[in-house]
C-alpha cells in the first residue's frame, strides 16, 4: 500500500523520526538509525563540530542516501537564540529543514509557546521548513499552522520520561483540527506508545531516548519501525469502538443437549 | 532470531492467537486469520456443525497446514458442561488442545475461578492440553499451574470491551510468578495493546473482536501480527525505565558564542 | 441525612473501615482510629496477645463504645488455617464478625479464590458474619454471596501499593451485580481514591497503610473520614457524565458591541 | 488549623472556587454556591444585565458578604476583546479581580497562550488582579508569573469534560515551580478529582459543570466542599509513596501452633 507521509512537499515512507542523543557511541547510533528505517533524523546543532571534520563528527554516521537531516535548536532559550542557531545550521548542513525547540527551563526541557511562535514566524519568512516542538496545546498548533509551519510536534509526555501518550485528550483535538502533519514528540517510551499514536491518527512520531537507552538499541529500533507500521495500518483499517460490556453469548446447554447424545 | 513460543512441547513462531467469532462471514475470517500469521485459532464448540460437513462449516475455512485448532468451551456455565463439551470437541476435531472457558454470567462473560479450576484438574487427568481463560488472579494462575495446565490466559479487560490492559498491575505479578506461558486474552482492542502485553513479558495474546469488527479486518490482522512482533522484540531488547524528569541538557548559549562569530 | 450502611443487620454511620497495622505505636493508632470516625476496625488475630493482657495489648487501644472489632485471618494460607483462626478469634474476642483473608503468597498477599470460598461456606454455617477479602472477580463475588457472606471486599490494587482503584472496570460490574455491600479493600492510598470508590457506588472502603504511614496519621485519618463522606454524598447527588467535548459557548463579540459603547 | 489560601494579599478559607454557568436557575445556583462555602465565584461578563437591574439579574443571587466576585472574559477570542471586557467588568462590578479567559475556538474552549499572556501583561499594568485560565503549560505559567498575575489556572482536562486530572504530569511540574497559587480549572468532574488536585499540592480548584449538572446540585456542592478540605488535609499530612509491592507479612502458622492448643 502506498501511504506516504508528505511534509512540505517531500514524501516519506517511514513515519518514524529519530533523535541522535544518548546513544552509547556513534556506531551504535548509526546502526539503530539504519535499522529503524527512519528517513528524518534530528540532531542538535551544538553537537556538530564546525571546526574540523574529524573522525568523531556525528555527521559522518548519518551520511546515508535515505536519511534527511533535521537539525534542531535544542538548548535555545529564546527566539533570538533559536533563529541564530537555525541560520548557522542551514549554512553548515545545507538544509532549510529545522526542528524548532525553545526551552528556557533546563530541568524539564518544556517548550516555550511564546518564543516558539515568534521564532517560527520569522524562520518561515526566511524560507525554513519549520517543525516546532511544542506543548500539546490545540490553539497554539493552529497558530503555528497559520504562520506557515510544515508540521507540528506536540509532546506526548515530558521529554525523556518514557511515559507515553499522557496528553492523549489534547492530541485528539490537535489531530482533529490540524491541516499540517502532527508528529508526536517526546515521552514515547515503548513501541506500543508509538503504535498508539499512529492508531489515533498522528502522522508520525519522533523517538530518541527509548531507543538510545535500550539494552539492544538496534533491535529496539526495529521494534519501533514495525510498531509504527502496525499503528498506521490499524488507523487505516479503522478500529472498533471501546465497549462498556461484552456482547451476550448464547449458552452451551442447548447445543450439548442436541449434540451430546 | 529464533524465539519460539513453546506450549506443551509444541513450538509456535507466532505469538498471536486468534478467535473466530464476529466476522462478517467465513471467507473474511479465513483471510484475516491467514494474514495474521496465527498458528493457533480458537473456535466455539457450539459453532461446529456435527451433523453434516456442509458448505457453511467453519472448519473448511480453517483447514491450513500451519493452523492448529484450539476448540473452546464458550457458553459453558459449569465444570460439568465444560468437561462434556471438551470430550465432544476432542472426538470431533481430533485434538486434545482445549481453551477452557466457563462463564455463568451471559452479560459480561466473566470467567468462574472455582469451576475452571475444577474442570482443568479433571481435563488434565484425561490428557487434555488445557489453556484456561481466567481473571487476572495471580493465585489462581499458580493453582492452575499446579494442576497441570499448559498455559494461563488471564483477561486484560472485560471481553469484547477493547479497553486494553486494564489488569496491568496483576498481569505483572502473574508474569513474574508463572512457570507456564501467559497468554493475555480478552480486552485487547488495538495493536498497541497487543504490543504492550508482549513488551511487559506476556508470552502471547489472543485477539478476536478487535480484528473481526475492524472495517478492514485483513489489514487489521496484519497490523496485529507485526505489533506482536514489535512487542516481543522490545521485550527482548529491554526497554529503559520510566523517568520522572528529563535529563538536563546543556544550553546553546556557549556554543553560539563560540561558533556564531 | 440518614444514610447508614447496613451489614448483617447492623447499622454503621461511617463507611470507612480501618486496619491496625503499620502504625508507629498503639497510641498513634488509637488516635487515628478515633479521628477517622470508623466504627469497624480490623486486626490480625496473630497480633492479639492471648497469654496475658499486659500493657502492650492492642485491644486496650481499641476499647471504645463506637468501635466494633473485625478480627482477620491475615497470614492464613489455607481454608483450614483460616477456619481454625476464626474460631480462636471468636472465642477470644467474643465476636462472630470476621474478615476472611487467605493468601498463600507472602510477597503480594494476593487472596486465594478457591480456599476463600471454601472457608466462607464453612464459617457461614458456623454462624460467622463473614467479610471476605478477594480479587475484584465478579463471578467469585456472586458465589460468595450465594454461600451467605455478609459483604464482599474486593481489592482496588495490590495491598500496600497505594495505587488506588486499578480494578475499576471490575468493581463497576461487581457493584452493579451485588446484593450484599461492596467494601473496597487494599490499594486505597489517598482520600481521593476513597472518595472515588464511594462515588462509583461502593458501600464502604477499608484503609490501613495510607493512614498508618502518613507523616501525620491523625490528620490523614480525618482527611479520609471526610473524603468518604464526600464520595457518598456525590454518589447520592448523582454525577454528570464524562463528556468528550465542551459545550459550545457564545462568543463575546456581540455582547461587547451592544454594551461596550 | 489555620491554613488560608492567599491570593493578591486576600485570604480565603475555602479552596473551592465556583462557576455560575449551566445551573437550572438562579435560585439553584445560589443555594449550591452557599452550600459549597466558596468565597470566590466567577461569572461571565456577558451574563450581566447592564441595562436594568431586573428580577432576573444574576448578581442579585451572588450578593452575600462572604462571596467575592471574579468576573471572567469567557467568549473573548483576542487580547483586545478580553481587555475591553475586563474594563467593562471592573466598572460594572466595582472589582479589579479578573479571571482572564481567551479561547478562539468555540468548540473546545481551549485557551490561547499568546493572547492570554499579552492581555495579562496589559491588565496587570492597569491594576487588575489577573487569574488566567491556561493550558497546563509549565513555561507559560512562569511567564505569566513574571508579568505579575496573581495566580495561574491551568486546566485539568478539556472544559466541561468531567475527565479529571488528565494533565497530571504537567500540573506536578507547574506546582513544583510556581511562586503564585495554582488553581486547577476545567475538567474536574467529581469530588475525588478535586481532592486529588489538592493532595498533589494545587492551592485550589475551580468547579462548575460537575456541580451545576448534578441531579442534586446543592448536595454535590457540599460534597465538593468537604472533598477539597480532605485533599488539603491529606496534602498537609503527607501521603506515603506508591509501592510496587506489598510488604511481606508473617504467616499465621506459627501463631496457630502456639496459641491453638
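Order as written gives the chain letters A, B, C and D; numbering starts at 1 within each chain.
In this section, contacts are C-beta pairs under 8 Å (C-beta built on N, C-alpha and C of every residue); 3 or more make two chains touch, one makes a residue touch a chain.
Values in this document were obtained by computation on a predicted structure and should not be read as measured data.
Visitor: When you check each chain against subunit A and subunit B, which touch both of them?
Guide: Output, common partners of subunit A and subunit B: nil, no chain qualifies.
Visitor: What chain lies farthest away from subunit B once each centre is taken as the mean of the Cα atoms?
Guide: So the chain farthest away from subunit B turns out to be D.
Visitor: Measure off the straight-line distance from the CA centroid of subunit C to the CA centroid of subunit D, and report it in whole Å.
Guide: So the centre of subunit C lies 30 Å away from the centre of subunit D.
Visitor: So the centre of each chain is just the mean of its C-alpha atoms; given that, what is the distance between subunit A and subunit C in Å?
Guide: Between these chains, centre-to-centre, one finds 44 Å.
Visitor: So which stretches of subunit C touch two or more other chains?
Guide: 103, 108, 158, 161, 163
Visitor: Inside the complex, what are the residues of subunit D that reach subunit C?
Guide: 22, 45-46, 50, 73-77, 81, 84-85, 88, 103, 106-109, 158-163, 189-193, 195-196, 199, 209-210, 213-220, 222-227, 229-231, 233-234, 236-253, 255-256, 259-260
Visitor: Would you mind writing out the residues of subunit B in touch with subunit C in their complex?
Guide: 103-105, 108, 110-114, 117, 135, 137-140, 142-143, 157-158, 161, 163, 166-170, 173, 177
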